[in-house]
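In what follows, structures are represented as structure tokens.
In the two complexes below, chain A is the common chain; its partner is chain B in one and chain C in the other.
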Partner chain A sequence: MIKFVIKRLASGVVVLFAVSVLTFSLLYAAGGSIARNILGDTATAEQLALKEHELGLDQPLFVRYFIWLSQAIRGDLGHSWFTSEPVATSLATRVPVTMTMVISAMIIIAILATLIGSAAAVKRGWVDKLVQIGAVIGDSVPGFIIGVFLVTILAIQLKLFPATSTIAPGVPASAWVASMALPVIALIINGVTGGAQQIRSAVIKQFEKDYVRTLRSRGIGEGEILFKHVLRSAAPAGLTVLSLQLIGMLGGVVIIEQIFALPGIGPLAVVATSQSDLPVVMGIVMYTVVVVIIVNLIVDLLNGWLNPKVRVS
Partner chain B sequence: MTASVSPETPIGQTGTVVRSTAIRRLLKNPLGLVSVIILAVIILLAIFAPFLAPFGENYANIGKTLAAPDGVNILGTDSSGRDVWSRLLYGSQVTLLSAVLCAAVAVALGLPAGLIAGYYGGLFETTSNWVISILMSLPGLIVLLTIRAAFGPSVWISMVAFGVLISPSYFLLTRTAVRSVRNELYVDAARVSGLSDLSIMGRHIFSVVRAPIIIQTAGICGVAIAIQSGLEFLGLGDPTMATWGVMLSEGFKNVYLNPLLLLWPALAIALTIGALVLLGNATRDALEDGEKIKAPKVLKTSTQASPNTGNHAVEQGTEHHLVKVTNLGVGYPQADGSIKKVVDDVSFHVDRGEVLGIVGESGSGKSQTAFSILGLLPDTARIVGGAIQFDGNYTVQPGDDRVNQQRLAKIRGRRISYIPQEPMSNLDPAFTIGYQLVTPMVRVLGISKGEAKKRAMKLLEDVGITYPERTFKAYPHEVSGGMAQRVLIAGAISCEPDLVIADEPTTALDVTVQAEVLDLLRGLQSRLNIGVILVTHNFGVVSDLCDRVVVMQNGRLVEEGDVRDILRNPKEKYTQTLLSSMLEGKTPMTMLVSTVEEVAL
Partner chain C sequence: MKFGPKKVLMAGLLAAGLALSACSGGATSGASGAGGTATTTLTLGTLQDVRSWDPAQAHVGHGLQPYQAVYDSLILRQPDGKLAPMLATEWKYNADQTVLTLKLHDGVTFSDGAAFDADAVKANMDHFKKANGPQMSQLASVKEIKVVDKSTVELGLSAADPALTYFLSQAAGLMGSPKALETDGIKTEPVGSGPYVMDKANSVKDSVNVFNARDGYWNKDLQKFSKITFKVLADVTARTNALVSGQVDATLLDPKNGKQAEGAGMKLETNQVDWQGLLLMDRDGTKNPALKDLRVRQALNYAFDRKTMLDQILLGQGTITSQPFGKESGAWVESLENKYNYDPAKAKSLLKAAGYETGMTLDLPSIPGFEPILAVMKQQLADIGVTLNVGAAVMNTFTADVAAQKFTSMYFSLFQGEPWVAINQMINTNALYNPFKSSTPELKAMIEAVQTGGDKSATNAQKVNEYVVDQAWFVPLYRVNQMYYHNNKVTVTPQIQMAVPAIYNYAPAK
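Right, the complex of A and B next:
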């Protein structure tokens, strides 16, 4: 068990390292006019050279990478080129907002998708039809468009919710809930429709298994068969779906936060990207990969817990 | 060796015949037709945009901003006075081209890599797996933000990058398909006949992956459009180009002034992606329908829907039988409205303490008959005639088209139990054997867990398991097939039933284990004096265990009677052929009869 976790963490570190090399070389090898970007078109050649020296851009790429790496290991991800704020600090204040939304959205998706998907698998008929139609609609309308319409209709036209967030350190919990309600709804709709569809087929597949018939023949009730046996066996498939959704959501949440002006990773990412603020972009990529690695580890552990065969080997 | 194709990847057969019929089926499906029409219209609008658009994509009339729709600007103008309809048309060009570019890059990378990895495996596959695990660990939008930061705003660069990022989906799909056909006989034959690997891949394997790739591409184009417009919505796209995402962003900035500006690009995006999603679904359905049609047709014994009219008079005074099956018919409704009968006019009875064998080839309806008594027919099955009584009460009343589950729920597990054919698949792999023995006793008999555990130990001993404690704690995958079957037998008798229905209980076991399990069944049956219905294709098993036997063929009852009579003196020709084919080259007839006499004594 501990050996398994260590093994997975080690492979996670390798992935993290590989992604950091790739991203770093991509960002710094391509960006030719970084100094001009920062100083603007009026800067003289001497000013540009001075700025490049200041940022360490006159050194070879791999030297710069190892400087970055040695600092990153100590928790220093560099400073923003435009605001001079340490990247690690901006991430630390913004990640909690983003992760609060992502985690609450995933929990709601997991519950709703399981309930709706199971209902469609068991009842068939109109519930099933509705889930199928919902899946097509959910696949057709990107989450950020749903977000845009939620703001336009519920917040701006009907004034039921605040259109932009009021989240700041120290505001009461009710303000957090009011501010996060719409963004979370925008985040979950695609996840619920898609997830319900996948869980539906996983549950149907399990219900066709021989052991279900035997359980019925033993006098076990339908409810117990669904919740204790079928859903448990369908869970690994569901977990895979949910983990892929979560990885996608780390991107989707950027747009949603921008729409609702939430002080999460999203606005930081957008500003940093449009300014080519490379240390910040690098930091955001690293944070994302770390979250993905943790999520995959949790999924592996849950699968081991669900499936005794995996647990043994 | 015939490796079966996984159900996730609907794969058509080779050749153009299947494809042309698949296209016809696709267009017959209303959703498929609608999606094709929508996409065709959007493509035509994009191609002819320069002729259809009344204004240039960036032509701005500063005097007429945020105008409502009128004769000149049929969808109004945006905040810079640009014509919304013209920009929508030009936007469709960029949107479609970028989606095609993304899919093309993904196919160009994923398909060959998947072919090579699936066909040769080895180091290439190991390396690819690593690259894929890295690519798949990154959310698309974050990667595109990075690309934007490095290379600036370009639709084309970001779509090439997204193509690379999404190429694993083609890789995995192709590899799975190639693996499944690599060892097919026709590919072997091609190899033996001296075709090069390249031409085998081209001719045999490519034709197999073609259809799934079309489905995948529809989905990926949709995702590409969504992510591209998301990026542009964030203001990170190329501002000089009219795209749907840029228009959406512009509309959102003016949401307080003119919310309608949001509607048109959103509608265009949703309509295009929706059409692609539907096209993918309809293509999949068309291919799956094709598979169904290609599946071997089962003989229809009756083409007419004959509802269970209950015309057959049910014999009175049958209460002394444990189970009484009267003129039972079971059928499956077909797509064309007819009902395919799998059991037709079957009558027999079983008494307490009696062992009845139901014998027949596969497809004779013997298992369907057994499952109707248990009430465990598949959902689609219908009772099309007759009745079933258990201990005098109807579980299928004359006129019912389904088994009365309410009544059966009270007796299933309690008075009727079941021993399945395949031991391993009939235990839930996620629970210990002990749990699966204890729970039914707790639920059915209402005894405590501790009491149930004690009983379970005793049962495991009774069915001849040497270390009950160890087996109790084991998971199903930790025991052998023979042991699992003993566990299932223990489960079947755990609640002291009056009737056990055993469906080919020894077929899946080794020959030596078969004999042991039959011994066990015989011993338990005579000790507990339970009625048994033994479904089997094996006359040896029948002669070994049964008192009476029912012979079935094509859903009908051929012959019924005392085991000894039927074995010695089969009246029907079918029974004779069945008997002779079963015994041919095996045990001589005389010995078999003497075994029967031993049992009877």
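Right, the complex of A and C next:
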């Protein structure tokens, strides 16, 4: 078990390294006049040259990469070229907001999808039809439209929630909950139906297997069959789709965060990318890779714990 | 375990109950003002955060307003454009406009205790000239700053600069504490002599900036609130929602979202800051020979139904025009306003006279936000036999590409500044938006008359305006209304040539 974790972490580091080399080359080799973007329309040629030297843009690519790498290993991801804020600080203040929202949404999606999917698989009939229709609607309506809809009704007309985020230092936890409620609900509505569909299919497939017939013939109740046996076997399919949804959400929350003005990674990524604030963009890419690696590791471990058959392979 | 309809309904109600109980924080609408007491705080929705609180990094419009909360400027520009004393009590040019003498206010201190005096002015201007900020060119004509005594400064200029006193009411005139200017700390925490001081502990970068009123501020008339909060809301939907739900008192919207704000009882204060239209930059025909002919450029001016375009695209929020200079700039000429009306027949006959009866092409880059108008233009140009090719979308190398003459013309939105500023923006040979450096000796003489004209500078600029309109350097379509909305807790006065009002223009409603 420990060996398995260590092997995965080691391969994760290799992936991180490879992505950093690739991303750095793509971003920095493209060049373009970043200096002019920072200095504005009226900069003269000498001012541009001065700025380029200040940012280290006049050095060869691999030199710049090794400088970046040696600093990144020590935790210094550089400074934003526009705001001079350390990249690590920007990430540290924003990642918790995005992660809280994404993880809360994912936990509730996981629970709801399992319940709804199992209900659809077991009951069939009207529950099943409802889930399938819901899946089509939930998948086709984009998350941010659901978000705008929720804001208009629940925040502006009914005044139950704040229209934009009130998250700031020193606010009580209730402000975090109030600010995140609508975005999380929007994410749940968008994601639960897809997950429910997958779990429904996986559970139905399991119910057709011989071992279920055997269990029933031994007199074991439907509830125990479902929760103790079938769901564990259906877990790999469910976990796969949930992990893919979580990773998709990392990018998908950008628009939701803009609409609700949440101080998360989304707006930072949009601004940094459009301004070509490359140190910040590198930082965001690295953070995304780390999250993906950790998510994949946790999913593999969960799979192994839930379903011993997987551990052997 | 059977999941009948009743159990599902119970589960649904339970979930809803949990959700509702979680919103104890709920909608904080602040002081609803329904008691007759005037508000003491101001919350503004802004489009972006400042990049750095160093006053040398201040910009214009949206990028100037936050700095005004914490920094005073040498000269105060009033909402109608007139200049009034602020940190400088009086100013005077010498005979040939090459030395500007400023007398300074006594007894003003920065929030860190440092004194404001002539040395502080010199320190700020020296810093501004070296700091590579976005408005660095505002002090380009100042070649030396002389401290005459504690309250007198002499600015020596390399050439007459009719816009200098205006610039001293903008970024170049912001005064920060000389001690703090040397440190890196000023990038994240401003230190000025202004009416408010930043509450760093309660501010979050790119999210919210909080300022508290400064005790003992020297000019009580300019300090109207006990607290100002800038809420950064990049998305226009978020700004609209924040305004109608009471989270912000005032913010900038657009014509479409404005309707929702109006429905919620918000008031509109509008002014005109930008003009939109075509810049026919390749007037010497270097890359597009057709543009060399005056008749072709004039034909393009007659080709557009400006009124319908304004009504459809901006819901009528603007004024159609044929001239690129702003109405309050002093260079505006009434007779030029509708010089080019919608006349496709005349356009076709001009093209015929120029020899382009069989057609010509015009290439424009695609700029985000302008796709609908480019589509309309394509159709109207096709009606007079001009093929419009909309090129690839512009990248973040845009300004470099313009300077490199990559585009022969483009549809753009340009800020309408003071005449000398506008001339150096799009007409002079060093202007970014004149990359092909079009010029004639008579135009050069007119521009010089503006530069050396002193008080008559703006009137002399009318000749430049007439020239570029007669010569169809541009195809102006309309001046755009800024859609600035606010609730009834505050009164707001728009600021001339500024995309959002100056911070001094807000006051609690009585």
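Keep this in mind: the second predicted complex is superposed on the first by the 308 of 313 C-alpha atoms of A that agree within 3 Å, B and C clash if a C-alpha of one lies under 4 Å from a C-alpha of the other, contacts with A are read in each partner's own complex, and residues count from 1 in each chain.
Note that in this section contacts are C-beta pairs under 8 Å (C-beta built on N, C-alpha and C of every residue); 3 or more make two chains touch, one makes a residue touch a chain.
It should be emphasised that the depicted structure is a prediction, and the values quoted were computed from it without experimental measurement.
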{"item": "Partner chain in contact with A:148 - chain B first, chain C second, else both or neither", "value": "both"}
{"item": "Partner chain(s) touched by A:307 [first = chain B, second = chain C, both, neither]", "value": "first"}
{"item": "Which of chain B and chain C A:177 touches, first, second, both or neither", "value": "second"}
{"item": "Touching partner for A:185 - first (chain B), second (chain C), both, neither", "value": "second"}
{"item": "Chain B versus chain C as contact partner of A:156, first or second or both or neither", "value": "both"}
{"item": "Touching partner for A:57 - first (chain B), second (chain C), both, neither", "value": "neither"}
{"item": "First, second, both or neither for A:99, with chain B first and chain C second", "value": "neither"}
{"item": "Chain B versus chain C as contact partner of A:213, first or second or both or neither", "value": "first"}
{"item": "Chain B versus chain C as contact partner of A:276, first or second or both or neither", "value": "both"}
{"item": "Chain C-contacting residues of chain A that also contact chain B", "value": "148, 151-152, 156, 258-259, 270, 274, 276"}
{"item": "Chain A residues within the chain B interface of the complex", "value": "15, 18-19, 22-23, 26-27, 30-31, 136-137, 139-142, 144-145, 148-149, 151-152, 156-157, 209-211, 213-221, 224, 229, 232-233, 247-252, 254-255, 258-259, 269-270, 272-274, 276-278, 281, 284-285, 288-289, 292-293, 296, 306-309, 312"}
{"item": "Parts of chain C lying in touch with chain A, wherever the complex brings them together", "value": "1-3, 8, 19-20, 22-29, 48-49, 51-52, 59, 132, 134-137, 184, 187-188, 201-208, 231-235, 237-238, 241-242, 244-245, 247, 395-397, 399-400, 432"}
{"item": "For the chain B and chain A complex, residues of the former touching the latter", "value": "133-134, 136-142, 145-152, 219, 222, 226-227, 229-230, 233-236, 248, 252, 255-256, 259, 262, 266, 269-270, 273-274, 277-278, 281, 374, 376, 409, 412-414, 416-418, 420, 422, 425-431, 439-440, 443-444, 475, 477-478, 488, 491, 495"}
{"item": "Residue numbers on chain A that touch chain C, as the complex places them", "value": "32-33, 36-37, 39-43, 47, 50-51, 82-85, 90, 93, 119, 122-123, 127, 148, 151-152, 155-156, 159-170, 172, 174-175, 177-179, 181, 185, 222-223, 226, 258-261, 263, 267-268, 270-271, 274-276"}
